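Two complexes come next, and they have one chain in common, chain A, joined by chain B in the first and chain C in the second.
And now, the complex of A and B:
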């Protein structure tokens, strides 16, 4: 017994302690931006919290330069009284120049660092990451990091943006026959906003897609729980059913807003040889707003609405797939399905085949409710 | 034994003797007590002496039954047998030795000796200082009986017979203590309780080799399985309804004279988190209360260490919405989180201890001064962060929800090593401490019954009445851990039937 106690004491005393990180002595990085400079230098912009009883603002910003992502943190440590840690990193912004060359150089180290959460959001700046993080227009949010983070988080939850965490990025990157897709941040009058989605070939940005078209991307690859969409339908076809004229004759479209959209999709490969896919989508939603005074009680009108809506979606999906084919990117994962039939050997193989695919789309829509209109 | 006493004491051979001789010998045997009262009467041809401790006997009975009878006629010549026949009291004893007379006197007897008779006679008419039965103070309830046990064994037995009026109730008597003997009763239902369990209890008590027994809590510590453990292994209660409910469910009770609390065995960890109020409440509310107490116990042990670990080692685990407020409240504090937490926990413990020691009137003021003024001032002075005050107060509050004061104390003490461990190794330390705790709990037993039952060994049916509470119509089994002779209380089928008057 005595021996055991001795051994236990020795073990306790000799193990020593874990490295202490007292929260008040840390600079806790929440957002980090990476830009590519000439000659392969990286410029990092770090937004971090530091807690001082006398400081006016808890949020600080530091810019530093180095050749590697970890070097940026070391360089930044030379510019701060606090020890900078990345355990609370929530958002990474990559400058467009870096994104065009490939962001894997930086994301790789983020993924390896056990302290960095895999659920951190990844975005691409349409110009410089530094410019976006230096913006001070942030709608009364505590700091720019908080504003950007909640803006992206909210839009992912509202099913507007694709799920773009570090984990998802890594998954898509390493998957055969699939490319990542990331949201893009842009400055409008000095205020960061979301306008486009970045189309990636592996880790390189090759093109843009407007955020609104992202709806169709999501429609194809996964399901909606409570989506939201505004569409313009040809006005001419509904003319016989107008109750009154609301003086919008000059516009040849009738605008309809749908919400509570629930959808299911099924994508199958018809034949591996001809690369033809079959896409079945069933979608139901509620009409929230119509720009014209329509006899909506008439089942014929609803039927017509459903048909027009379905054909519009079919057209849009076609055009989105065209964009993907042009850019040779595959954020939907056509290649994954192909991979099941004919295993791919390397990532580049699918990119060559990608431009030859054809997608046969069938959309079934159902209008569940259209509100109480008398 | 008896023979050796007789040989030693030559006084035993003194009878018959004169009254003066008896007086002298008895006085010297009872340390010349000034309270020993002798009164001598001459009745008929013989002198009779009546002696007693003035405060140990019931004077009313002495006068009305003994003296009235003896002094009714002045010419009768009495002897011991005649007195036994004529005095209207049942508790008479004839003695051969003076020492046994002395013992009876101490416990509240009146001695009568007819001069030159063979044997002195005693009547047992004790009067003990005892308080009236009152409301439960320590285990106070809102619902249900309010009565509590008192220090008097007679009163307590009276209450129990009243509640459990069945001939199957057995109260075995044992005397423990070499110098100062104390009466102990093993209480159980003969037709329900497991014989092995009763035998274990009896044997543990009989094997005790102690000089005296202070209280039932001491008995509990004397007979428990693992005396190194911090956890109480026998349940103490002052509530007769709780005691009787346990006995009906096949547990064994131990009552100790001079103690207002009784013991229930075997006890499991979860029985310390039960209150009779859970039974009086409707089953769903009872279940909620029990689970809440269980959660409270975990919170109380883990909340402060988790705070220390997160703020000293793991910035990663702090929710981002809490990060700023936590960081800002910490920014003013000059100590590391471990010291801060230990300091505040100590403060709360001091408050509790001071509140418990002080008279009730001052105690309340104490709580206000300590809790509000000190807490506020400590934060203002930058001594502690205000979030830690919430955390510590919450965990202190949670520890007080344990209905057993013993278990509450154990939970409060466990917190301190946990805080130190979390200060040394963060979450790793917390899990080290938790693992140690769980291994320990798995090893502890209460008179042979596993302490973590019904979780380990797992008994699905026993979850009722330990962690949850089922409606009465479904709760038809006695706990399997008690291994009772009648495991099923009633048929569930019968209970489900609703008999209306028109059927």
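And now, the complex of A and C:
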């Protein structure tokens, strides 16, 4: 019995050998921004939470310079009394200059460090990451990091932004015949907002796509469960079906807003030699807004609406694919489908073929309902 | 030394528990990184490699049980002495015991490294090693029935980890598996060979057989155990291939653990930390069983007292483990043990069975002619 107590005491004391982390002494980094300076120097902007009851604010911001991402953290440690840890890192913002050169240089540490979560969101700043993180317009969020994180998370859940976690980025970066796509943060009147998606060739940003066009990207690549979309249809064609005139004659388009859009898509490669793809999309949704007074209960009108809507989507998809071809990027994964038939050796191989693809789109739409009025 | 091992009824176990014993000794440190190893050879057809390895394993278990059925209640050290004579038989038994010792070192090293990478970067190797070994020694002192109990409890305690993999399953991409049979047959076989480190351990059947109460059911339980392991490994490999893209998977050291990084609950934001901690419960039955097999074999061959051997081996393990310093050395040593394990578990029973049958045939013939 004495022996047992001795052993137990030793074991209990030994647990003290494990590294201790007192939350009051920690600076928990939630957002990190990277900018590229001259001569390859990196500038890092860190936002971290502090749980010190005596502190005035819940979070702090530190800017430091070094050659590597972990060097930035070490340099930042010289500027704070807190021990900076990256276990709760939620968001990484890359400055546009760094993004144009390639972000894998600093993403390596995010992937290599087991402390960093795979659910971290990756974003690109349209200008400097530092400017975005220094903004003080954050609605009622605790700090700017919290605001940015909730904004991105909400928009991913609403199916507006592509799923852009660290895991997804790495997955697309390494996969043959596919490129990552990341949301971009922009400042509007000093407030960070989402306006564009960054088109990436591997880890380099080569172009931008408006977030609204991202709808078509998702439409091709995966499925919608509850998406929404505003479209302008040619007004001329619907004129015979107007019940009354709402006196906006100078606009030649009728604006219709769809929501609760459900969609399915099927992308197949017709023949690997001609690089022609066949895309079938079925989509259904409900109308929530029409800018003109339309006889919506008329089956002919619904049919016409569906047809016009389908042809508009076909045109938009064509233009989005054109943008991808121009920039030689493949965020949809046409290359993955090609890879099934003819295994690709390396990523560059598909990039050369990418500009020759043609997509034959076939869209079927269905309007399920149109609100509580006729 | 006696060829047959008569076990008192109080120490015997039911064949039903053999399932847990064999299954838990197989599943451990190997499954943390199996996908990367197999994928490096067989690419998108890695899952076929696992099935091939499973069938091979099943054949090997069949051979083992046929060998054991030739004797009433014998284990491998006894059979080897019977077949090859005292000197060679004892030598082969010692090789097996040393192999279990090496197997334990790889288990300890690999898990301690995981702890250091994921949980406590500054924790010294000797400390984790001391903690784990004290548990192992404590369990082995309890004898075979405690070991079986440990296997059963920790199997039930960790099998639910599979359920949280629903999240990576939803993020799987099926075109990672296409084209099917895109790799050559030799690469698939090589992939199957690479998967063996995560499957070895079922040779325990050859050592615990005398302890089984209802021996006619032992074969069935062993088959269930190895197929259980095959299905588990297959599930892990399929999920990791679908979840990670190929070149990404090739860069990971422990894809199975990396997969836990995507799991998040509102009450536990970083589930990977919990999973790595819980992994100790997966590793522990492994080490306990390997330790028992090792000490038991030394006892059988040299007639030593199991307790003394246990303390000595624990001390040696402690010293052996702290000698290894970095990832490269661990990899090298793990590869060595994996190769040895492959020959002992996958090749040796297939070779031994015809020899045993031949010897028995000759013996019977002599018996009738006299």
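Going forward, the second predicted complex is superposed on the first by the 357 of 374 C-alpha atoms of A that agree within 3 Å, B and C clash if a C-alpha of one lies under 4 Å from a C-alpha of the other, contacts with A are read in each partner's own complex, and residues count from 1 in each chain.
To be clear about the criterion, a residue touches a chain if its C-beta (ideal position, glycine included) is under 8 Å from a C-beta of that chain, and two chains touch if they have at least 3 such contacts.
The shown structure was predicted, so the numbers you read here are calculated from the model rather than taken from an experiment.
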Which superposed partner A:172 touches (first chain B, second chain C, both, neither): second
Partner chain(s) touched by A:87 [first = chain B, second = chain C, both, neither]: both
Touching partner for A:39 - first (chain B), second (chain C), both, neither: neither
Partner chain in contact with A:14 - chain B first, chain C second, else both or neither: second
Partner chain(s) touched by A:139 [first = chain B, second = chain C, both, neither]: neither
Which superposed partner A:188 touches (first chain B, second chain C, both, neither): neither
Contacts of A:119 with chain B and chain C, given as first, second, both or neither: second
Residues on chain A lying within both footprints (that of chain B and that of chain C): 17-19, 87-88, 117
Chain A partner contacts - residues on chain B that touch it in the complex: 311-316, 318, 320, 323-324, 326-328, 330-333, 336-337, 382, 424-426, 428
Chain C partner contacts - residues on chain A that touch it in the complex: 7, 11, 14, 17-19, 87-88, 114, 117-119, 165, 167, 170-176, 178, 333, 336-337, 339-341, 343
Contact footprint of chain B on chain A as seen in their complex: 17-24, 26, 28, 30, 49, 51-53, 58, 85, 87-88, 90, 115, 117, 142, 149
For the chain C and chain A complex, residues of the former touching the latter: 117-118, 120-124, 127, 130-131, 134, 171, 173, 175, 178-179, 182, 243-248, 251, 258, 261-262, 264, 269-270, 272
